[in-house]
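What follows is a pair of complexes built around subunit A, which joins subunit B in one and subunit C in the other.
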Partner chain A sequence: MKCSKCGKKAVFHRKYEGSYLCRNHFVKSIESKAKKTIRKGKMIERGDRIAFALSGGKDSSAVLYLVNKVLGERKDLEFFAISIDEGIPRYRKESLKIAGKLCKKLGIKHHVFSFRKEFGEDLSEKVRKIRKSDAWEGTACTYCGLARRWLLNKKARELGANKIAFGMNLDDEIQGIVMDYLRGDLVRLSRMGGEPIVRNELFVPRIKPFREIPEKEIGLYAILIGLEIHEDECPYLEGPRFRVRDFLNDLEAESPGTKFSVLKTFEKLLPSVRGIVKKESVRIVKCSECGEPSSQRVCKTCELWGK
Partner chain B sequence: MKCSKCGKKAVFHRKYEGSYLCRNHFVKSIESKAKKTIRKGKMIERGDRIAFALSGGKDSSAVLYLVNKVLGERKDLEFFAISIDEGIPRYRKESLKIAGKLCKKLGIKHHVFSFRKEFGEDLSEKVRKIRKSDAWEGTACTYCGLARRWLLNKKARELGANKIAFGMNLDDEIQGIVMDYLRGDLVRLSRMGGEPIVRNELFVPRIKPFREIPEKEIGLYAILIGLEIHEDECPYLEGPRFRVRDFLNDLEAESPGTKFSVLKTFEKLLPSVRGIVKKESVRIVKCSECGEPSSQRVCKTCELWGK
Partner chain C sequence: MKVAVQLGNKRRNVEVPEKSKVRDVIREVKVNPETVIVRRGDDILLETDIVSKSDRLEFIRIISGG
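What follows is the complex of A and B.
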């Protein structure tokens, strides 16, 4: 097939738009979509110092590459990257190497922090030690996600960032929305919007420039711009999110555009969700153990990781 | 296992409640749950004349049986049943026979109306004629559901009913909610609440006494009370609803209580959904062709069935 814009050989068929795109127009369309999302959500503003959460996977690598490409020349903005070493044998070592290489290539400062150093143990040790005990809650992702977010937020703040950029794509966003809905977690749902939310001076607001771009397209973008990507799946991955993912993929295959529709419906409901949450409002305090922000006296990270 | 209430042999393990129930306590629990749903949603009130939409399947048979059992003695209430013969070879003939037998047994007046008589053709003919043509929209369920609802509403109203009772169970309700959400159809979503909605004098408000009871439990209830049930699946069934069904069943198996959580979250959001819909409000007019209520000049049933 030929590119709907220029007639050159198409590399991608964007079904929900009914268009075919050549390499060049595909790359351009991703970059202009991300720019639009950034503008619409007021994600990046004059004077921002942005920490990129960089795992070395396609999404976080691509978002660093893209934002640096389109805004890297701006003198009033500052970008650096933070990677977290959870201590997942092989898996993370490989991806950290790739993350480091990308930062070097782009001239971006790269900070690496580890669970071992911060919490005294690796994720793999933690899982081995308590998975079969009564203390075990949820899945490995519960322990990892919690500690990773805690560490990213703390380090980004200490390094002077006023925003953290994540690689989350449209698929990640709507999976999260559906999961929060299924769990009835309106508080989390209320934070799933497009603009950075200032909750408290201890929380660094998050931005997700790819939240309106399907995962598949970010994958192709990363390939087309020649990024070296760490493609393995985390060996600990488990839980209902994967059912949600498959379900949404099936529906999208059947009716192209469903994924956008889920995000759009959510955005219509978001002001109301926020209204409901505000009424039940959650107070943020400093955790009495670690001093990081928490909705309880002792934060969940200290509870599960014994900080 | 033994019944958590009386120690007799249990026939059911209600995982989301952590209880085991014997035949007797299971039947009682279904009846008291349905009564609670009816009371909470103000579904049945003094002087009501209720048309039961009766297909002969487990849900519609059980709802007629149950409501008649618990409220049939009330002199101020009047119940009758309406069945629709869509003209689905074998499938519907069998179920209509069962529906007729149930009404006879309960002493309930039974009315049967057919697509053939009302629209000049059966569903099977309609599907055969236009499935492969350009005029074809959606699935057989689109044509059937539309015409069935049109006919039920018209006949119930003409027969003097002020409410129509449906057998929809918890699974049906949340499948509908998820489907409407996925399609971004806030108007339909706004009508998925528990209480009968008076939209217009031409629409007979609907009630769904089983909307908080899981499908599996209605099936067991129907068996335990000895209802003769038509169990075949409609040969025309297709579409995304079945993906949604399987997805929700998988999640419920993994985390018992998920189905209730979906309904509960929906009910928290419902007032806001209604607020949004009201702003975009839909005007109901009389269809210029058939005189039935419609949001357009010509209603969708007349458009698709050429009335």
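What follows is the complex of A and C.
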């Protein structure tokens, strides 16, 4: 098939749009979609100092590459990257190597922090020690996600960032939305919008320039611009989120455009959700153990990791 | 006809009728088309591209976690 724009050989069929795109037009379309999302959500503004959460996977590598490509020349903006080493044997070592190489290539300062140094043990030890005990809560992703978010927020703030950029794509975004529906968690759902929300001075607002781009397209973009991709899946991956992921992918394959429908419908409902949540608003306090922001006296990270 | 498929570290041969399309091979391998990009050498293939006997297709997994 030929590119709908120039007639060259197509590398992608964007079914939900009915278009075929060649390499150049595909790359351009991803960059212009991300720029539009950034503009629409006022994600990047004059004077921003942005920390990129960089795992070395395709999404976080691609968002750093793209934002640096389109805005890297701006003198009023400052970018640096933070990677978290959870201590997942083999898996993380490989992706951190890729993250380091990318930062070197782009001339971006790279900071790496580890669970071992911050919490006294890494994820694999934690899982081994308490998985079969009564203290175990949820899945390995519960422990990992909490500690990772805690550490990213703390380090980004200490390094002077006023925003954290994530590589989350459309698939991640709608999986989160569906998960919040399934859990009935309106508070989390109310924070899923496209603009950075300032909830408390201790929380660094998050931006997600890829939130309207499907995961497959980010993958293809990463391949076409020549990023080294870490293809392995985390060995601890488990839990209902991944069943939701497969379910949404099945629906998208049957009815292209389903993923966008989930996001667009949610965005129409968001003002109402925020209205409800405002009435039941959660007070943010400083955790009595670590001093980080929390909705409880002791934050969940301290509870699970004994910080 | 037989087509060789590389999926991650695993390699297998897939039997499909002559003039099959990439989408038929994807179906035979039992992966969701949303989760893979198919490459033949340096070329990225569309689901509607025709595969030939002794083609070597690389399935690049796109879904991730972590």
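General observations
Assume the second predicted complex is superposed on the first by the 307 of 307 C-alpha atoms of A that agree within 3 Å, B and C clash if a C-alpha of one lies under 4 Å from a C-alpha of the other, contacts with A are read in each partner's own complex, and residues count from 1 in each chain.
To be clear about the criterion, a contact is a pair of C-beta atoms (placed from the backbone, for glycine too) under 8 Å apart; a residue touches a chain by one contact, two chains touch by 3 or more.
No experiment lies behind these values; they were computed from the predicted model shown.
In the superposition on chain A, A:Ser114 contacts neither subunit B nor subunit C. Contact with subunit C, but none with subunit B, is seen for A:Cys234 once the two complexes are overlaid on the shared chain.
Of the two partner chains placed around the shared chain by superposition, neither subunit B nor subunit C is touched by A:Asn24.
Judged by the touch definition given at the top, the superposed model places A:Asn162 against neither subunit B nor subunit C.
Of the two partner chains placed around the shared chain by superposition, neither subunit B nor subunit C is touched by A:Thr142.
Looking at the shared chain after the overlay, A:Ala253 reaches subunit C, while subunit B stays out of its contact range. Between subunit B and subunit C, it is C that contacts the larger number of residues in subunit A.
Residue contacts after overlaying the shared chain place A:Ile223 against subunit C, while subunit B stays out of touching range. Of the two partner chains placed by superposition, only subunit C is touched by A:His13; subunit B is not.
In the superposition on chain A, the residues of subunit A contacted by subunit B and by subunit C overlap at 250. On subunit B, the positions that touch subunit A within their shared complex are 181-184, 186, 240, 243-244, 247, 250-251, 254-255, 258, 261-262, 264-265, 268-269, 272-273, 275-276. Subunit C meets subunit A in the complex at residues 8, 32-35, 37, 39, 44, 46-48, 60-66.
Within the complex formed with subunit C, the subunit A residues making contact are 1, 10-13, 20, 23, 55, 57-59, 88, 91, 141, 144, 171, 214-216, 219-220, 223-224, 229, 231, 233-234, 236-237, 242, 245-246, 249-250, 252-253.
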